[in-house]
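Look at the two complexes coming up: chain A is in both, with chain B in one and chain C in the other.
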Partner chain A sequence: MLDATQILQSLVNGMGVGLIYGLVGIGFCVIYNASGIVNFAQGVFVMLGGMFTHTLLTRLGIPIILAAAIAIPLVAAAGVVVEFLIVRPMWNRGATLFAIILATLATQIMIERITILTLGDQPRTLNEFTAGGPLRIGGLAISYQIFWILGCGALLVGLLWLFFGRTRTGRALRACSQNREAAALLGVPVGRMLMIAFALSAALGAVAGILVTPTQYTAFNVGTPFGVYGFIAAIIGGFGSAGGALAGGILLGIFQALAIVTLGAGFKNVAALSMLLVVLLVFPNGLFAGLKGLLAGRSRSADAR
Partner chain B sequence: MISPAITSTRPRAAWTAALPVIAAGALIAYGLTSSGYIATVLGFAAIYGVFCTGLNFFMGYTGQASFGQNAFAALGGYGSAILTDRLGLEPVLAILASMSIAGIVALVVGYPTLRLRGHYLAMATFALGLITYEITIEWTSLTHGYMGYSGIPPLGLFGYELANEKQQLVALVVIALFGVWISNRLRNSRFGRALRAIAGSEAAAAALGINVARYKLAAFVIAALYASVAGSLFAHFIGFISPEVFGTAMVVLSFTMLYLGGIGTTWGPLVGALIASLIPEVLRSTLPGGLKEGQDIVYCAILILILIFVPKGLSSLGSLWQARRSAVREG
Partner chain C sequence: MSAGSSSVGATVPQTATTSAHLFEARDVSAHYGRVHALKPTSLHVGRGELVTVLGPNGAGKTTLMRALTRLMPREGSLFFEGRDVSALKTHELARLGIIMVQEGRGLFGQMTVRENLSVGGFTRPHEDEKLETVFTLFPRLKERVDQISSSLSGGEQQMLAIGRALMADPKVLMLDEPSLGLAPKVATEILETLGELNRRGLGILLVEQKAPLALKLARRVYILTLGRVAAELPADQIGSHHDLARYYLN
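Let's look at the complex of A and B:
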């Protein structure tokens, strides 16, 4: 049965991977808040981040930090291309939510297939950013990469907080999320905000992809799971709240790590998807809002859907 | 207006009813006279036609969205494979048994899921497809995992097997036509009109006394039954299935077909399936790289272009033209 070390170990591992899910989840929220669009191709940015970095690293032989620094803007540019070629024309024509979701899903498959044709279908991985490790504390084994994930993740969250709170663009994005019409009347270029949102969320996905690749692998098809996990993280957090998505991601990561220890690695996805269905059906406003509602003695889940 | 009829009572003009049958007959004749390969391509089209006709119930008539119908196709396909291989069941019985399993699963899963709306519904149904995909990979003792299931017997009844692709093609086209016939009869029935009322406005439909949740669920179950049959037919027609067959690409492909043929129309799904199946054959010589990948890219590109420029499907182009013409005539 489980002992304390195993539980601690899964907590640590779950935190690391959960932070990644949280970053992807924030990516969902950034686009959703700016436009009300849900981008099902979010996971593709995670995949592209890892793949671009690996390609730059092996083809040009540059240091990993430099490769990552080049890959992130490239992926952000890919996000802008998706926005400009696919999402914007539909948005301007007043396409339905389902049509846009379907188009982004098709985009994801299209980018995956193009990746197979150009970069190949073999899985690949990156070296850990800091060689050596894992760090051993008692029975725990903590890989150095987890410190990188936690450090970069915390840094990124801090930067996002500053961006949304202190900069003009960040505030304009928040204005869009509260009321697009009013924001447009006040002179916020709503169309450009959508583009910025896609660039930002693609960059977030790329960072997540680069950070997580050393701990597992990357291939053309890792996008779907990361996209779905990020979506679940966003849903747990109440869809739209960046902090909620981050917390939701960490919760999901830990839950998944515990499921791997108790049920086996094969059930990692089943556990996550079941968590999605449970949260959707029981707490449609997000786990935290739902629990708050329960604590306050009134379940709003019935009518607020 | 009281309409007690369960199915449509509206008489149809004789020639329009005969037209699709003639077209289907011509297709069968073409399939029978050309190579076995063409027969296989047309067989695929018929199978996808069944799948899309079911999806059309839920998406076209009822105006809902399911991104996870591949789950039920997988249930049908694996149900057929396992029942015929392990239990030695007749293919037809295996299809019916898989159908009932898929129907029950759709009922149980759909009841809570269909209360969701918007992107929640989209992701919940998408998750259904993903869960099924994971299970078919992980439950190797039952499904053979990544390797797939081979040696599935062809369609047949009471020991008599349809030996080659051409005989099977005839059976598949007949089944597809039967599926479209059901869809056609239900479309203008009380049931079909209720579904279309829901597509128009849920609140208005509810105000008219339509039990929205129950009708949505019924449409979802019908779609699942069609998907299950399509999955079973695929298994018997090809003799091999793998998790990849029922993966996410299937979702996009079926949507491409639905939008190509015209979403919400009776014949659209079948026509769209036929056009989409013939596209790779036409482009075969010009496609870049691996055929499978190039094919998927083309499908995705077509779907995205349709979604941007003609969101009601290509068949709406005709009605646009008609509307303009009648406007000219009246004005």
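Let's look at the complex of A and C:
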């Protein structure tokens, strides 16, 4: 039966992996807000982050932090390439959003195939960033990697918050998401902003991939599950809201972890998809907008009484 | 209705590649699918001039403004400070100083007043100095710097839209019905501010439906009907055209 330790353990593990989903979800939102495009190639950035880091690590024998520091800009560059070679030409020719979204799906498959051909199809993993562990507290066993995930995740969220709130480029990106025409009329190069959005969102995916790989493995095909879970996180959060995606990811991670200990690992997907369906059925605009609406509705009816 | 309706295009050879005016459109036209919403239209704004475009609902005023700023595809040529800028994109035109305040204001609704103004200064240095200028012009914005822009009153929103455009250092400021939906007193206040900006030397292209005040400020008026310029005349002559006066002055 489920005891308090198991529940706590699931909360901790779920929070770690959930933060990863949240980062992927934020990646979806950044591109969606700048353009209305849902980038289904988001998951491959997660995969590429882990794969590039592993390759640099094994081929060059450099420390993992250095390998990660090189891999992240490389993946960001891959994001720019996707924007430049696939999205932009379609955008400029007036392709529908639907067509562009399909093209990102094709891109995902293509990049997976290229990865198999160049890096092979074998799964691989990274060592935890800090050796030793897990940390034992009572019956709890917390892998050191979870601290890296939570720490780096929190740092990244803080940096994103500063970027979007305080910098010229970050504000311009937000402006584009609220009114692209008005932004262009003020001199904001909307096309270049989309490129920045792809770079940023690819970099976020890469960080997520690098942080999570030591807790599991990476291979050419891990992009799909991470993409799907990140997408679900973003939807739970009311697609487009970065904070919502983060919270949605953490909720999803915890819910999944609880489902795994109670029902078994086979229920990981079932849990994620049923959470998605329930949220969509009850709160079509996302959990948080839905709850806000409920609260507002309740206070309105209270006023009426 | 023929008074002055001859456009510059008639006196300048079609091959001319410069313009003596601050801002000039030659035979600009635009379509929505197969609907020819804007027939070839020519107009210009001189240095320090305030020009008004008047026209009833659906005349094509917004289409004209969107075509000029290239928010939609257009044919024809555009000149700015003597240079052919027909091929430039919206944001490149803005960098040169061709700035438009859209119909409906186009604010970034979930951003604060300060953030809206800051995006206005995206391409320009000296943000703080310009903020002061905008706040002197519209003190009400200063009191509300940290308010989310969608929660401003209609008049304040229009002030923010204009303030934000000023942050972008316009050389020619285009406004699409800035008085739309405002109480007459507020509309007057805003149009008077535009007059003041114009006296300081700013070129302005002002689109309105009916606006006696806009006519008092303007030197010249274009009348737009059914997607074409039906007349161009000095603003003070509109009263002597019985049909125009009846429509636009009351």
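Observations, loosely collected:
The rule is simple: the second predicted complex is superposed on the first by the 297 of 305 C-alpha atoms of A that agree within 3 Å, B and C clash if a C-alpha of one lies under 4 Å from a C-alpha of the other, contacts with A are read in each partner's own complex, and residues count from 1 in each chain.
Assume contacts are C-beta pairs under 8 Å (C-beta built on N, C-alpha and C of every residue); 3 or more make two chains touch, one makes a residue touch a chain.
Since the model is a prediction, treat every value here as computed from it, not as a measurement.
For the composite obtained by overlaying on chain A, chain B and chain C can both be accommodated side by side without a clash.
Once the two complexes are overlaid on the shared chain, A:Leu186 sits against chain C while remaining clear of chain B. In the overlay built on the shared chain, the residue A:Ala68 is in contact with neither chain B nor chain C.
Using the contact criterion defined above for the overlaid structures, shared-chain residue A:Ile114 touches chain B, although it does not reach chain C.
Of the two partner chains, neither chain B nor chain C is touched by A:Ala76.
Touched residues of chain A were counted for both chain B and chain C, and B has more of them. Between the Cα centres of chain B and chain C, as seen from that of chain A, there is an angle of 90°, stated in steps of 10. Of the two partner chains placed by the overlay, neither chain B nor chain C lies in contact with A:Ala219. When the shared chain is aligned, chain B comes close enough to touch A:Leu277, but chain C does not.
Of the two partner chains placed around the shared chain by superposition, neither chain B nor chain C is touched by A:Ala34. With the two structures overlaid on their shared chain A, chain B and chain C come no closer than 14 Å at the level of C-alpha atoms. Note: no residue of chain A belongs to the chain B contact set and to the chain C contact set alike, using the contact criterion stated above. The touching residues of chain B, when paired with chain A in their complex, are 65, 67, 112-113, 115-120, 122-124, 126-127, 130-131, 134-135, 138, 248-249, 251-252, 255-256, 288-290, 293-294, 296-297, 299-301, 303-304, 307-308, 311.
Per the touch definition, chain A reaches chain C in the complex via residues 168, 171-172, 174-175, 178-179, 181-190. Those residues of chain C that touch chain A in the complex are listed here as 69, 71, 89-91, 94-95, 99-100, 102, 106-111, 115, 118-120, 122-124, 164-165, 167-168.
For chain A in complex with chain B, the touching residues are 38, 40, 86, 89-90, 93, 95-99, 101-103, 105-107, 109-110, 113-114, 116-117, 224, 228, 231, 235, 239, 266-267, 269-270, 273-274, 276-277, 280-281, 284, 305.
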